[in-house]
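The data blocks that follow each hold one structure.
One chain, subunit A, links the two complexes that follow: it is found with subunit B in the first and with subunit C in the second.
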Partner chain A sequence: MIFNHPILGPRDAQEFVYLGDASLMRRPDGMTAGIEAFHDWLYNRDNPAGEHRELWYHEQGDRSWLVVTRNTVTHEVIRVELARDVAKAMGRTK
Partner chain B sequence: MAETLHSLTALGHSEPETHAAGPCRIAERFDVALASLAARKGREADVERAAKAAGVPLPGPARWKDGAPYAAFWVAPGMWFVEAPFASHEDIVAHLKPAFGDAASITEQTDAWVCFDISAAELSPLLERLCNVDFPGAPDGFATRTVIEHSGCYLVKRGPGQVVLYGSRSSARSLLHALETAAASLA
Partner chain C sequence: MRYSGFRVIAEALTGHRGWKPVWRDPAPEGEYDYVIVGGGGHGLATAYYLAGEFRQSRIAVLEKGYLGGGNVGRNTTIIRSNYMLDGNEPFYEFSMKLWEGLEQDLNYNAMVSQRGILNLIHSDAQRDAFTRRGNAMILNGADAELLDREQVRAMYPWLNFDNARFPIKGGLAQRRGGTVRHDAVAWGYARAADLRGVDLIQNCEVTGMRIEGGRIRGVETTRGFIGAKKVGVAVAGSSSKVMAHAGMRLPIESHVLQAFVSEGLKPLIDGVMTFGAGHFYVSQSDKGGLVFGGDIDGYNSYAQRGNLPVIEDVAEGGMALMPAIGRARLLRTWGGIMDMSMDGSPIIDKTHVDGLYFNGGWCYGGFKATPASGWCFAHLLAKDEPHKTATAYRFDRFLKGLMIDEKGQGAQPNLH
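Up next, the complex of A and B:
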């Protein structure tokens, strides 16, 4: 797979390491959201055959965290965004 | 009276080594002081201003920029590696810190890396055996992190036959071995 890095352009997937589902970025507040929401965030993952949003780390590159949207069936990479920008769009400050 | 102490190069000798392998010349560099410079959150404009005043170039993504005494290459958004002559800037952090104050985090990197100058008439045949960098397509002044023999390196293209390669100092000998083996296979 080739990821079209938002800053560096096309880069081989070998340079990246995979963290997991991008929903990890939406951690509920463990003190107020309740045990069910936290349990769901921690343990439950969708396993779609198709479009999937994932967190990847450009370890052998510029060390940026990316949100990669790709098709798990065709391996087509649909969109690559900086996780920083995605977090800001979610209203986070960092 | 104790014998005078001498520092050792990354390859473990008092003088840097130069090797000829195939069509390539691989020279260990012992005259570069290195520091990382990272802009602190929200202080990017201050860092830019301070860099301009101190004469530290801050090139854009995947670029190296020469200067005197400071040269620099981009490693991450808001982060650079700054190079300076070792003879005049051995304590490079002490030189940079007053210029940037608390706008940037500056870390000594000199002894964390081994630095090789690699030269040949044309380096593409060597580098395409070692890493995934599109060397012929990269412009002069291109700088990137890459992997050579499982080891993370920074590669700076000075010209079609001139590369500066930083690898981790603890793997200096292994990296040299990889370079020599690949270069010998070109002959």
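Up next, the complex of A and C:
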């Protein structure tokens, strides 16, 4: 699989480490959310057959986190974004 | 029809005209007491034990493709009970005991071969860990034997004992481990379940679940609605897809695991050998092919095929351990879809829907578990309480902090 890195251009997926579903970026607020919300966030997954947004870390590259939209049935890479940009679009400051 | 040596001779003398189809091909009825979703090893075993040991009737197994066409036909055929944790080891040892009597029980030659499994040791720390695991196995009634370097050398003199990174220092052997003809497990259970009156319905994909007032009423399928008092789902690989019909999100990711077989070679390896440090394990089939594999690819996938970097990684592991295979050619590679759970252990449990039960999350260890998984799932379906060896395989263990994490990796499915 080749990821079209927004800064570095096309890079082999072997340079990256996989973390999992990009929903992990939406960690509940530790001060207000209950244990059930944290349980759902940490342990449960949609695990779709088809389009999946997921976090990859460019360990053997520029150490950036990417949000890759990929088809889990065909392994086609549909879209690659910097996780930082995705987080900012979600309203986070960094 | 009962199979026996006498039957083979009698058929040979009469032109093999007496063999019958091994199971019926019934059309689905309108309603059953039990519907098992998934006609793989686990689903077929569940139906078999449900109809026999638990004396239930009106049972159907629904399979979206053909029987045994999923992971039971795509694995590397290894059986073992060499786990450490209390939640796991009694269950896998129960499975091993069922394997030992399986062929007589099913009247089917599943080629159960207790040729032994050897986990290689490369460091003092690993020897300590394996000693502890071996002791845990013995405490749970399994067999384990710690071998030193020379004992391993006597078994496999051609291994690369002086590898600079991973010199071989010994091994943990389980002599009762081995291999089983994987397809024959599915066929044997299917035939035996059919003889007990179970309807095996193929080309019948579940497309929805009818749930009324918090209770399951049946399943919508590509062959129409099928009513059921209880529904058991055993579709590892596709668990998230099927359970989504009941509105559930599971602590599971689907990952692809590849396996490999070389061209046929003269007898070389008479047991199963694992090189965990190098992400490689191998056995030799009766046809002579080296059957081997390594790690999962490591990303969510439903593709039933992997990518080349893992093939390279596995081949490197093989070459590091046994340089002699360097000129053997790879015959085939294939992939299967694993239910990778959040702690590396399975789930056999009720759900929030009355009458809906779940069996899955087997990671890459489902094949060896097939008999016990079927037995324990049938126990749960028939009695509404878990079998004594499967009490830890609950959904709520993640909420309660009762994970069964053999590797201690945490909620990171691609590392289990």
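Definition applied: the second predicted complex is superposed on the first by the 94 of 94 C-alpha atoms of A that agree within 3 Å, B and C clash if a C-alpha of one lies under 4 Å from a C-alpha of the other, contacts with A are read in each partner's own complex, and residues count from 1 in each chain.
Rule of thumb we're sticking to: a residue touches a chain if its C-beta (ideal position, glycine included) is under 8 Å from a C-beta of that chain, and two chains touch if they have at least 3 such contacts.
Please read these numbers as outputs of a predicted model, since none were measured by experiment.
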Touching partner for A:63 - first (subunit B), second (subunit C), both, neither: first
Partner contacting more residues of subunit A (subunit B vs subunit C): C
Subunit B versus subunit C as contact partner of A:73, first or second or both or neither: second
Touched partner set for A:39, first subunit B, second subunit C, both or neither: second
Which superposed partner A:14 touches (first subunit B, second subunit C, both, neither): both
First, second, both or neither for A:29, with subunit B first and subunit C second: neither
Touching both subunit C and subunit B, counted on subunit A across the two superposed complexes: 14
Subunit C - residues contacting subunit A, complex: 238, 240-241, 249-254, 298-303, 307, 309, 342, 398-399, 411-414
For the subunit A and subunit C complex, residues of the former touching the latter: 1, 13-14, 18-21, 35-36, 39-40, 42-49, 52, 54, 70, 72-75
Residues of subunit B that touch subunit A when the two form their complex: 41, 61-62, 75-77, 132, 144-147, 152
Sites on subunit A touched by subunit B in the complex: 7-8, 12, 14-15, 59-64, 94
